[in-house]
Amino acid sequence: MSLQNIMENWSNYRRGAEEGGHHKYEHRWGMAINLDLCIGCNACSTACYAENNLAVVGKSRFAKGQAMHWLRVERYWDESQNKSSSVTPDYPEEGASFLPMMCQQCNSATCEPVCPVAATYHTPDGLNAQVYNRCIGSRYCSNNCPYRNRYFNFFSYYESSWPEPLNLQLNPDLTVRDKGVMEKCTFCVQRIRAAKDKAKMADRKVQDGEFTTACAQACPTGAIVFGDRLDETSKVAKLWQQHEVKLGVYKQHKQNPEKRGYRIFEELNVDPSVMYLERVRDTGI
Amino acid sequence: MIEKDIDEQIKWAKINADVLRSMENPRRAYWITFFICIAMMACAVTAEIYQYNTGMGVTNLNNPHMWDMYIASFVFWIGMSHSGTLLSAILHIIHADWRKPIYRFAEAMTTFSLMTAGFFPMIHLGRVWNLYWVLPYVSDRGAWPNFRSPLVWDAFAISTYLSASMLFLFIGMIPDLAICRDNARGWRRKLYTVLSLGWIGSDRQWRNFRKTYLLMACFLIPLAVSVHSIVSSDFAMSIMPGWHVTSFPPYFVAGALYSGCAAIITLFVMLRYYFRFEEYMTVAIMEKTAKLTFAIAMVWTYLNLIEFASTWYGHDIYAKELLIAKAVGPYSWIFWTMLFCGMVVPFALAVEKFRRHMPTMFVVSLLLNLSMYFERWMIVAPTLSMSHDPHQWDIMWPSIVQWAIVFGSFGWFGLLFLVFVKVFPSVSMYEVKEMVFHRRRLINEDAAKVYSRRARDRKDATGEPELEGA
Amino acid sequence: MSGKLNRREFLKALGVSGAAGATLAGCDLPSTITLEEGKEEVVSYFMPEEYVVPGVGVWYASTCTQCTAGCGIHGRVREGRILKVEGNPDAPVNAGKTCQMGQAGVQGHYNPDRITSPMMRDGGGLVAISWDKAEAMLTEKLAGASGDRIAWVTGTVSGHQRVMIENFMEATGAKHHYVHEVVNNRVWESVCQDMLGDANARLRIDKADVVLSLGADFMGASSSPVLYARQYAEFRRGKRGTLIQVEGKMTMTGGSADLWVPIRPGTEGALALGLANYLLRKGDVDGSVVSAELRKRIDEFTVERAAEITGVSGDRIQRIGKVLRDRRPSLVIPGAAVQGQEFGYQATAAIMALNILLGNVGKTIEPGFDVPLKQLQAKTGGTGDLVRFAENVKNKQLDVVLFYGANPVYTAPIALGFRDFLGSVPFKVALSTFPDETVMQADLVLPVASAMEDWGTHMAVNSGEQPVLGVQQPLMEKLYADTRGFGDILLGMLKQKKPDTYGQYADFYAYLSNALVAMKDSSVSVQTTPKAFWEEALQNGQVGVKAPVKKFAVKTFDVQIPDHQADAEFPLALMPTARMGLFDGRHANLPWLQESPDQIAKVVWDSWAELHPITAAKYGIKEGDLIRIESANGAITTTAYLFKGMHQEAIAVPLGQGHSDYGRYARGRGVNPLTLLDARVDAKTGELAMYATRVKIVRTDETKDIVRLGASDVQMGRGFVRTVSVDTLRRTEGA
Amino acid sequence: MEIAVNQYRVDYQRRGEIVRRLALAIMFVVAASLPVVGWSAAADPIPPVGTYDGIDVEQPIEFPHNVHVDVNKINCMYCHTYARRSKVAGIPPTSKCMGCHKIIATDKPRIQKLTEYWQKKQSPPWKKVHDLPDFVHFTHERHLKRFVFDRDYPVEDVKDICAFCHGQIKDMTVAHKVKPLNMGWCKSCHEANGGPGDCWKCHK
C-alpha cells in the first residue's frame, strides 16, 4: 500500500466487493466445508500445527485464552432447528455440531483497513495476507475480526514450544513468529506459493488438486475442499455454484431454499471465502 | 448575593509575590508527593521492562481481549487533556475572564495528560521498537502506513494536538516568564531569559502576542474537538458491537470535556490548598467551573442515554446483547458505578452548598473521574469479551502488570505537574492582573456613572473615588 | 555405489542448523544489519541422490506406527529433516488421509525426552551404558534362563517385526509372547471366528444404509480410525446413510450421529436381542438363519424386557427396529463398552446374531483376506494377555521379560497385582523410544530408534479392499547415534545365537530387503527384477499382497445375557474411554495432542470426569468440582465436567493422562482410570472386562478449573452450524 | 575505499567502477524513456543499484572462485546446480568437488584439506555469506527463468546475471558480499523490471 499505489488506484479501491473488489484477481482461493462430513476429529487442527509452525502454549496459557490454534474445531450442543420443542432435552439426541473455524479470508475483511502499518492486506489471490515482519502488534485487526480468528504471539514461544530437537520439525517455508506479532490462518500460503512458482516455471496455471491446504489434505472424511474459485472447473468452484452461494453479497437470495451452502456472518458484509454446507440430520427416527 | 470572582483591590505586587512564592522553596509535603510519584513511576517502569522482555502475555491479554486497560487509560488521558486547552481557548474567545486564574494549570494538565496518554499506545504495542512505522516517511522500501487505519489518524492527531497545546501553553506564558526572569537568579534566570524570548512588554509585543494567542485559540478549538473524535474512531470505525456507534465522536468529546473539567476541579482544590491561592482560585470561580462541569455532565448523560436508546431500539442484536450483558453481566458493577458516578453524582454540582465546599468538590471530582475511567474501560473491555462469536467469549481481568503501568502513569503525570508548578508560574500573573484591571475599570465606570448621576442630581459630589496606581 | 548405500546416505543434511527455518520475525533490526555474513553454517550434502534438491521437499513413503491401523504415509523431507506427514494416497487403509495422531508422529520422532543410549539399573536409577555391555548383559541373562521363563510383552505386531520376534523366540527357546493393547477388538474377533469362521471379518460402513453403533467409537479410538472415517464419508455422501449411536458416554463418533441414545453401559447385548425380537415379531427377517436355541433366547427378550434392562424406552427400541427393518443393508457394530464386560463375548455374539438376522453378513460385514504369508499378519493384542502375563509374574514364573511397544506398568489395573510383583522378575528388558513407566522399572533399557528412523513392515488387520504389507522406511537419519532400530537389535541377538542363518545379513535393512524380495511372488507387483520390486516397494511404501477373499461359515448359538442389577454401594459404571488423540496414553508425550482439545469435552492438558448434569445434581456436584472416584480397588480425584451426552448411571474418565513418567509433556498430568479397574475378565475370552467396574463418587470441597476450548456450548442463534433435515435434502439432491 | 581487503576487489573497483556506473546511468536513461507499463517478462533486465561492503568471512577452505570462474571458465550453475530448480542455489555436494579434485590439483593444500573432509565423509562447514532473513522468500529458479531462460540469454554468461545480486564473484576468492540485499534494494529491481510487488510474494 504505497502512496503512489493509492493515488493511481483510488477509484479502483472504491469499488465494492459486489463489483468484484478492487483487485484484478489472479486466483480466489476459497474453501467449502461440508459440516455433514465433519466428525470433529481435530486432524485438521493438528495438521495445521505441523504445517504452520504453531506454538504449543501449554496449559496455563491455554487457560488464559492465549492458545495459537489457527484452526479450531468448535463444538456446539444446539439442537437443530427442526425440533420445535422449547424444552431443553436431557440428552443431545442429535449429536454434537462441529465447526472447523479458521480465518475466513474475507474479501471485505474488517481486519485489513484498521492495521496502522498495512501488515495485513488483500492479495491479488483473494487472501488476507499477514506480513509478520511488518506487524507492530497493535492488535487492532484481531479486535475487529468478528470470527476471532487472529492469534497474537503474547510470548516468545521459540524456547518453550520447540525445545531441542523439536525445533528441527519447523517448516522452513515460513517463519516462526516471535512475540508481538499477529498471526492467523493463511490458507497455507507457503503451499500456494510453491505451487504457483512451480506452475510459473512450467509456464502454466496452477491446476485444481495440484496442492491443497494441510487441513484439507489431512481431513479423513474429505469435509474440507480447497481450491481456486476463479477456476470454474475446480471442485470448490463447483460446490459454490451447486449450492448457490454468491460472492460479494451479504445475503444469499437462493431460489431453492434447500441448497445447503452458507457463510458465517455474511450479514456483516465481510464476504468470507469459506462456504459451509449445512449439517444434515435424519430427524425422523 | 453576587460574589466577586476576585478581589479587584488586590495589589499587583502581591500577585507577583504570591505566584513567585509558589515557585520556590518546596515544602516537605511537596517532596513527599514528589517521591510518591517517583515510586509510582518506578512500579510502571519495572512492569514495562518485564512486559517488554517477556511479551504482552503477562498483561493477561488474550484472544478476544487484545486491548484492555492500556487503551482505556489512553482514552482517559486523552480525555483528560481536553478541558485544559479547549476550555481555555473557548473561554478566551468568549471573554469569560474568570478563566484567567485557572487556565494555566489546566493547560499544563492538557500537555501532561497528552504526554501520559502518548505512552499507552507505545506500551501496548507488541513490537514497540517498530513504532515509527506508523509515521509516513520516505524510505527505499516504499512502505507507507495504512492511511485508512484510525490508529494512524491517532498518531497524527495526537502529535498535532500535543505540539499545538504545548505551543499554546508556552505562548500564554511568555509575559509571565519575563516577570520570572526579572525576579530570578542563577539557572532560573538563564532559563527564563531564553524562554521569555526577549519580552519587554512593549506595545508591539503585546499586540502581536494578543493576535497570536487569539489565533492559536481559534486553531485549537476545532483541533481539540477533532482529536477526540479521531480517538473515538478507533472504536467507531470498527465493526464490533458496542464500538460501531455513530454517536461516538460527540460522546467522546463530551466525555473528554467532562473528565477534563473534573480534573480541573481536583487540581483547583489541590493547588488552592497547597499554594494558598485562595485569593486567586476563589470560591466564585470554583462555582463557575462547577456549573460548567454540570452542564457538560448533562450533555454526556444525554449522549449516553441516546446511545443506549439507539442500541435498544436498533437492529444490531449483537450490540443489544452486549448492552444487556454490560448491565447484568460480570462487568455490571463497573457499569452501574460508572452510571451512578457519571449521571447522579454530578447533581451535587447543582447544589450551591456543595459547590462552595472545597472538600466535597474534591471528592465529587474524583468520583466523576472514576466514572470517566470506568466509562473508557466499559467501552474497551466488554465489547471484546462478548462480541459476535460466543465461542470466543471470555471475561478477563487485567494482571498486576497492567495495574502497575496504569498506576504509574498517574505518577508520571503527577511528577510532570509537580515539576511544572515549581518551574513555571501555575497561575497566570499578567492575566490575573488584566482581570483585576478590567474588574476595577468596570467598578470605576460603574462608580463614575453613579457619581456622575449623583453629581447631576445633587451637585454635591465629594470627589473622585480613590484609585490606586499601577 | 550400490543403491542401498545411496539410499542410506541420502539423509546427509544440508545445514540442519543453517536451514532450520526457524528464526524469529521479531528480531528484525533494519534489514541491512540482519544480513550478517558468516553467522550461519551451511553444510552441503555429502553425496546426494539426483532427486534430492535443497530447498525442495522430497516425499518418502512409509507406514504410520502411531496406532495399529497401519496407514500409509508420505513424509516430507527437506534438508535431511522430516517436516510433515501426509497420508499416502495409494494406501488402501487411509487413501491419503491422516488422523491427528498420525500428524503428530513427527513429534514422537523429535521428542525432547527420547532415550538416547542403552541404560541399566544400577542401584536405584538407570545409568547409561554402552551397547556392547548391554548386549553382553542380555546375552548372559538369556542364556541363563530356560525358554519357558522368557517372555515378550509387546503391542500388536505384524510384518517383519513379528517375524523377528518369532525368530528370536525360536532361537532363544522363549515360549511366551504376550500381546497387549488397551484399545482392541479381541472379543469381536473371537465372535467373528466362532460365528462367521473368520476372525478378520471386515466392516463395510460405506456399504450400509443404516449403521447402528452400540458404543463403537469407530472413527475415534478404534482399530482403524481413518479407514472407518473414510467409509463413513462414503456412507454419508451418496445415499446419505443414517447413523444411530447407542452408548453410555457420547464418543466422538456419537457426536456425528443422527440419533444418539443413552443406554445403561454394558446392556447393549440385551438391546440387540430386543431389536432381534422386534424384527422377528414383525416378520420381516428370516428367523431360520439363527439356531433354534438362539431363536428361543430372542423370544425371551421382548422389547419390554430389553427396555427394562437397557433403560432405553420401548418406543425408542421399536423405532430403531423400524429403521433397521426398512432400510437395508445395515450394520450393527459393538464398541469397547460392549466387549469389555464379563459377558462381553455373549453380548457381542448377540449383536452379531442381529447382523446375521438382518442379512448384513456378506454385505456390510465382509470376510477377510486369506493372506498367504501368515507369519506377516498382525498378531493383535488385547487385555487377556495382560491378565495372563500378570498371573505369571505373580507366580514368579518368568526370569526374563522383554517389553516392546507396550507399557503395562501404566496400563495394568492395580487389581491385577502386577505392579507389586514386577519387581520380582529378575531381569526386565525394555526396548523403547521413550522413558515410559515400564522403562523406569526395567533392568536394562535398549533405546529403539523412532518410527521415522527405522525399517520395518506392517500388515493392517483391516486394510480395506486390498491387503498390503506396509513398508516402513527411515524418513531421516538417526537423531541419536546410540539408538538402534528394533529389527537391528533383534538381528544382533539372532546373529549371536544363529550365526549361520543370520550372519549373512549386515543389518536389518539387508535382512528386510532380502525377505521382502523373497515374497515377490505373493505380491500383486508386476515388477520382474528383485531390484525393481524393492524400489517399487519403497516408492509405494507398501506391497500389495495377492490374497483371495475368505468365505464365511455362519454359525449361531445361544447367548446368555444377564439382567441388569443395580449396585447400591457402587452406583455408577466407570467408563475408561480411550480417545482419538492421547489414545490409550501412548501419545501423552506429544505436545500437539496434549494441546488438541478432546473432541467432545474440549478439555486440554488434563483429565476430567464426565457426568450427566442430573447425576451431578444428585451428588451436589458442579462443574469444576474435584471429585473422588472410588472403586473397590482404589480411588482417583479429578475434575467434574458435566454434559448431557452421558447415561445417568455412568461416569466416564478418559484414558491417556496420569503418567508418572513418559517425559515432560506427560508426567504428572491428570489421572489414569485404568488403575481403578476390577480384575474381572470376560468369561469366554479371558479379556479384561474394562467397562465392568463400578464406582462411587464423593465430592471434595476443592474445585479446579477445567481448561477448555470454547466459552459457549450454544450458538446463541448465530447460525454457525446450520442443520437441514435429511428429508428436505432427499427431496432436492436426488433431483 | 582504497583500503581494500583483497587485491581482486581493488582491481575490480579501479577498473570496473566507472564503467559500471556509466553503464548504469545509460541504462537508467534508457529505462526512463521506456514505458514501464506493459513491460514484457522477457525484456532486458535492469540490474539493481547499490553497493555494500561486507565483512570477510573465514571459510573452512579458502575457495578460489576466481580460479574456477575466471581462469577455468566453469559455469556458476555447474557447481551451484540447484539454482535453476530450487529456491536455493545450494552449496555443491562434496562429491561434486571430488569429481574433479580426485585428479586435478591434488597437491594444493586447499585440495588436500578438501580430501581430508572427503575421507572423513564430511562436508566442509561452509559459512553463509549471502544470507536473507528468514521472513523472506527468495527463489533462485524464478529469477534465473526470468533473467536467463525466458530471454534466451546465453547460459554460459550466467555469471553476469548472478552478478546482479552477488557481485563479480569471478574476481573474488571467497565470496564476499558486495550488494546490500535489503528490501529497498530488492524492490528497486522489482520495480525497474516489473517484478511482483505483492508483499506476500517475498514475505513469509
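Letters are used for the chains, namely A, B, C and D, taken in the order the chains are written, and counting of residues starts over at 1 for each.
Criterion: a residue touches a chain if its C-beta (ideal position, glycine included) is under 8 Å from a C-beta of that chain, and two chains touch if they have at least 3 such contacts.
All values derive from a computational prediction rather than experimental measurement.
Among the chains present, the centre nearest to the common Cα mean is that of A. Chain A and chain B have centres, each the mean of its CA atoms, that are 45 Å apart.
Centre-to-centre separation of chain A and chain D, using mean CA positions: 39 Å. Separation between the centroids of chain B and chain C, computed from CA atoms only, is 67 Å. Taking each chain's centre as the mean of its C-alpha atoms, chain B lies 60 Å from chain D. Residue positions of chain A touching 2 or more other chains: 67, 72, 74, 76, 101, 121, 132-135, 153, 156, 172-176, 179-181, 265.
The set of chain C residues that touch two or more partner chains comprises 21-26, 28, 710, 712, 714-715, 718, 720. Touching of two or more other chains is recorded for residues 87, 133-135, 182-183 of chain D.
Chain-to-chain contact here is organised exhaustively, every possible pair of chains being in touch.
Contact residues of chain A toward chain B in the complex are 1-4, 6, 61, 64-67, 72, 74, 76, 101, 110, 113-118, 121, 134-140, 142-144, 146-148, 151-156, 179-182, 265, 268, 270. Only residues 121, 123-125, 127, 129, 131-134, 172-176, 189-190, 193, 197, 200-201 of chain A touch chain D when the two sit together in their complex.
Contact residues of chain A toward chain C in the complex are 35-43, 45-47, 49-51, 53, 56-59, 62-63, 67, 69, 72-78, 80-82, 89-99, 101, 132-133, 135, 153, 156, 158, 161-181, 214, 217-223, 256, 258-260, 262, 264-265, 276, 278-285. Residue ranges on chain D touching chain C, taken from their complex, read 52, 54-55, 57-58, 82, 85-88, 90-95, 121-135, 177, 180-183.
Only residues 54-57, 60-67, 121, 124-128, 130-131, 133-134, 136, 142-152, 155, 234, 237-240, 384, 387-389, 391-392, 394, 396 of chain B touch chain A when the two sit together in their complex.
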